[in-house]
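Chain IDs A, B and C follow the sequence of writing; residue 1 opens each chain.
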Amino acid sequence: MFAYNFQLAMRSIRQRKYLTVLMVMAIGIGIGLLITVQTMAYHNQKMPLAHKANDIYFIQADNRELGAEPIVQQPYMIYLTHRDAKNLMQGESPATAHTTVWKSDIILNSLSQEIRPFRSATTVTNSSFFSMFDVPFLYGAPWGAQSDINAAPVIVLTKESNELLFGGENSVGKQLRINEHAVTVVGVIDTWDIKRRFYDESYSTSRHDTAFISDSFAIKNNIMRNERLGCLPENRDKRGYWRTNDIQGLINSECNFVRLWAQIDDESNAKEYETYLVNYVNSQKELGRFPREMNNFVTSLHTMVTLANELRSGNDPLSFIAPLFFIVCLLNAIGILLAKFMRKTGEVSLRRALGANKAMLMNQYLLEIIVIGVMGGIVGCVLAYLGLQGMMRVMVYQSDYSVSIENLRHAFSLDFWMISKAVVISVISTVIVGLYPIWRIVNIAPASQLKSQ
Amino acid sequence: MEIRPILLSMKHNKFLSMVISLQVMLTVTVLALAVSITNQTLSQWNMPSGLDHDNIVSVRTQFFDPTVNLEQAIINDVNRIKKIPGVLSVTPNKEIPFDAGRPSRVYLDSGEEAEGHNTNFFDMDENGPTVLGLKLIAGRFYQANEVIRGQASDVNSPSVVMISEDMANELFGQESALGKTLYLSKGNNPAQIIGVYSNFMNGERLNGRGKSYHSVLRPTVNWAHNANPNYLISVEKGAGPRLFDPIQEALYQIPGRYIYGIERLTRTQKRMYDGRGSQGAILLVVSIVLVLIASFGIAGLVSFLITQRRQQIGIRRALGGTKWSVVRYFIVENSILTLAGLAGGLGLTMTFAYIMAQNIGESFLQFDVLLGCLAFVWIINICAVWLPARRAAQISPAIVTRGA
Amino acid sequence: MLKMQNISKIFRTELIETHALRDVNLHIKKGEFVSITGPSGSGKTTFLNLAGLLETFEEGDYFLDGVNVKGMNDNQISALRNEKIGFVFQSFNLIPDLPLFDNVDVPLRYRGLNRKERKERIEHALETVGLSARMQHLPTQLSGGQQQRVAIARAIAGEPAFLLADEPTGNLDSMMAHSVMELLEDINKQGTTIIMVTHDDQLAKRAGRNIQIFDGQVSDINLDSSDVLVKRA
């Protein structure tokens, strides 16, 4: 029976081919836009470092003045001051490792000046960064903990910057300069599939850091702070000076700009860390700091990313236009389907007269609709591929060619999951909208259409 | 007219009628939202620059070597650039037209409560107005001896400034701005306004607030390590791209420097509008595709209805209906459905606009745009019905005698 | 009343020409009840279409109530059809979406009558055919005979000059057929000219005059005198 029904369904699809094509196109175009938008969102919402996202925690405490606006939600929370981050790292904490992150812009150049200077977006951190975030190395290794202590002049490059500076060869042990300071390359990071740059909360999918240096080295040499400095009102006019000229002044101030990450392997330890943080803030309160009510955040990476996703979703007009667009396409398809089925009332009533029961007809038409849904899904995937390619080029244009297609490609690619999603959405929605036309046609009385009017 | 029979026949085709209305409703919603957002996005878009931006080159540099004598470096840079054939004039600068950063505020009096006026400061030497090709509206340009030079950290505020035409209008209205004083920051000495120059585009931030041409020209050249100097260079017509390499070579004469980029202001201008322009284009393309799909779909449904009603149309023709009455029947029928859809679309659009306004924090719905979209969708729908209805009118009344 | 002179109708395809009617000359006077008979394919339907102004003809002249319809445009012909002719079809041809009242209303709408007059006429016509109690029913809720009565009500509501009936009893059983015929005869007695196409000799004989169409040519048989007149040009 299935074979016969399938045969009938295929025959029906071939009959009035243009109606079938119209219907498949309508569904396909709708799916195409929907999947284009959803794929972009999907890549923009991927969980970075998924295997450790529940073990990595972000630590924040509110040291601002009494009059400042209260902060309730984590995504709006300020960072730590340098000394608080440092104190928390050095105390007896339940965390197995800590790392700090702040950003800088440095000019990499060679002593011989044989290559043009190269500006590098840089993360200033410590040696734990590489182990906590499972950073893969192409050449060499991270600097050691000793280098953190003695501010050793070392740098970790990435594949990209190593390509530009040393033509891609093993550069470990080679010298170059950060601005006017000579440093030695200790390692080169391999392609790091990080999905989104979570560690500085930028969640960028297309721009990568090109160098990593140690916090102690940066402080010793006054490497500029490419950060928003959250300072007390009385210190705000000093921010420009502290940003570029006086790092010691900045460190001694109440300005927050340092992100503190902790690795806490057990969830119960996260509770303990909260207590640790409360105790720390209380100890500082005794010194006259932290004038406000206690407001701390110990947030897992997983929670942080989820909150950030919620905050960012729904702001793009396309993300809610696409579903409406899809519904219009479906309505279109249903109209065509109805038209197609209503022309067959004669045939259906004859089949009913000849002994076909409702279930058989139902099967036949469901099959037809499923086949159409699958075809719509496939057309949708092709269109989504084209749509994503187009969107990617728009992004390149929008960034004034400052990001490369290579760096963007991963954020605009269809993977198996999205393709299956496209086909499943297509089939399910086609079946849902097809139910009414099927119900109508299946309920035609046997032979009602046979007698002449 | 024939409203009653049309309504009765809709009752018999409830489902199809609903499909048409729903399509219209969603289409007009998407269209109205897209056009409103685009309209909002593109307001203040591609405004006149007030500059000969094709022939002004901007170069942004930075010294990373702290041993460089910046004062001397700037003098050397300017001299080297001037010598390049094709260069007309050059000035050190900080903010770049089309790319000015966070707005500053100026005040008309020194009191604590003084009202701030948003503007962008452009710091240039005496060649600045020439490089930008600014026209003098009133007063005079500043002289070389009025330019303040020094380290960024300890440079004084200039005692004279020039302001743009729009700035003068905001500050003083019809009154002349010449000789008036302006506080460039609170608690500082005021500067005297010596001239008013023709408007030029400052940048995206003030552009977004409808103050595209508010600027103050400060006769100032200052320097700091890890920051500028930047230069604006006016060049002979069309010479821009050809001069990029010689200018960079000239600047690299001093080691310890990094060049962020060199470009014509045309490209700075492109970058300023890019994001908005392409977002608007995408939304418009999507909504036009949607309108096309919906109108094809509606034309298809009407064709189907007509095929189903061939007999009925024949009867009406036989009973004395003219061809026009047949066309009219379908147009009226479709318009009723369209109007129902438009009414629904109006409600839906307002709902979405409300939700989005909550998300984004600003309302973007314009009623003239909304009404325009409603009318547009209606007209498109009438067009979509027109062709199949014309065909229906060709059905021969003789169909009634050729046994059904 | 109705006068055809040398009317011909030719169907052309690329390959062949078919003469559906040739040189028809016919005169039907006011108040007549004329039956038209002939075998299938003889041109009965074509004749009906021409007489009812549903199709155009190539040659000849057709005077309807003294007006020559030749050369009229579609809108003029539509108006003439609306005012002068009432149709009753074999398959009733009621509009299934509309209740009886609105079905009868259709031609009156095209006439542009005001609401009050339309209402009076519709009620009167439905009363004449004995269905005034079922005005708001849909056609599908009626029997075949009743549907045909509605069709007749629709045809007479416009007070046409003549009524064209195409096999009016063809889809009805004999009981119903009988009552429909009686209704038509009543209408004729009240002065409406009736032209009825049928293949039923019994019915044809009930008409005052019988015209036979055979292979596109018309023979006029006056049943009263039993004379056979063959008209040929």
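Assume a residue touches a chain if its C-beta (ideal position, glycine included) is under 8 Å from a C-beta of that chain, and two chains touch if they have at least 3 such contacts.
Note that the structure is a prediction, hence the values are computed from the model and not measured.
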item: Innermost chain, taking as reference the mean of every protein Cα atom displayed; value: B
item: Two chains sharing the most contacts, counting C-beta pairs only; value: A-B
item: Between subunit C and subunit B, distance of the C-alpha-averaged centres to the nearest whole Å; value: 69
item: Length of the line joining the C-alpha centres of subunit A and subunit C, rounded to whole Å; value: 76
item: Centre-of-Cα separation between subunit B and subunit A, whole angstrom; value: 28
item: Residue list for subunit B, restricted to those that touch at least two other chains; value: 403-404
item: Multi-chain contact sites of subunit A, meaning residues that touch two or more partners; value: 452-453
item: Two or more partner chains touched - positions in subunit C; value: 91
item: Touching residues (chain side subunit B, partner subunit A) in the complex; value: 15-16, 19-20, 22-23, 26-27, 29-30, 33-34, 37, 62, 64-67, 153, 224-227, 252, 255-260, 267, 270-271, 274-275, 278, 282-283, 286-287, 289-290, 293-294, 296-297, 300-301, 303-304, 307-308, 352, 356, 359-360, 403-404
item: Residues of subunit C that touch subunit B when the two form their complex; value: 45, 48-49, 52, 54-55, 74-75, 78-79, 81-83, 87, 89-91, 93-99, 102, 105-107, 109-111, 154, 158, 166
item: Complex interface listing, subunit B residues touching subunit C; value: 2, 4-5, 8-9, 11-12, 311-312, 314-325, 396-398, 400-404
item: Residues of subunit A touching subunit B in the complex; value: 22, 26, 29, 33, 106-107, 109, 113, 116-117, 119, 179-180, 224, 241, 244-245, 314-315, 317-318, 320-321, 324-325, 327-329, 331-332, 334-336, 338-339, 342-343, 391, 394, 397-398, 400, 436, 440, 452-453
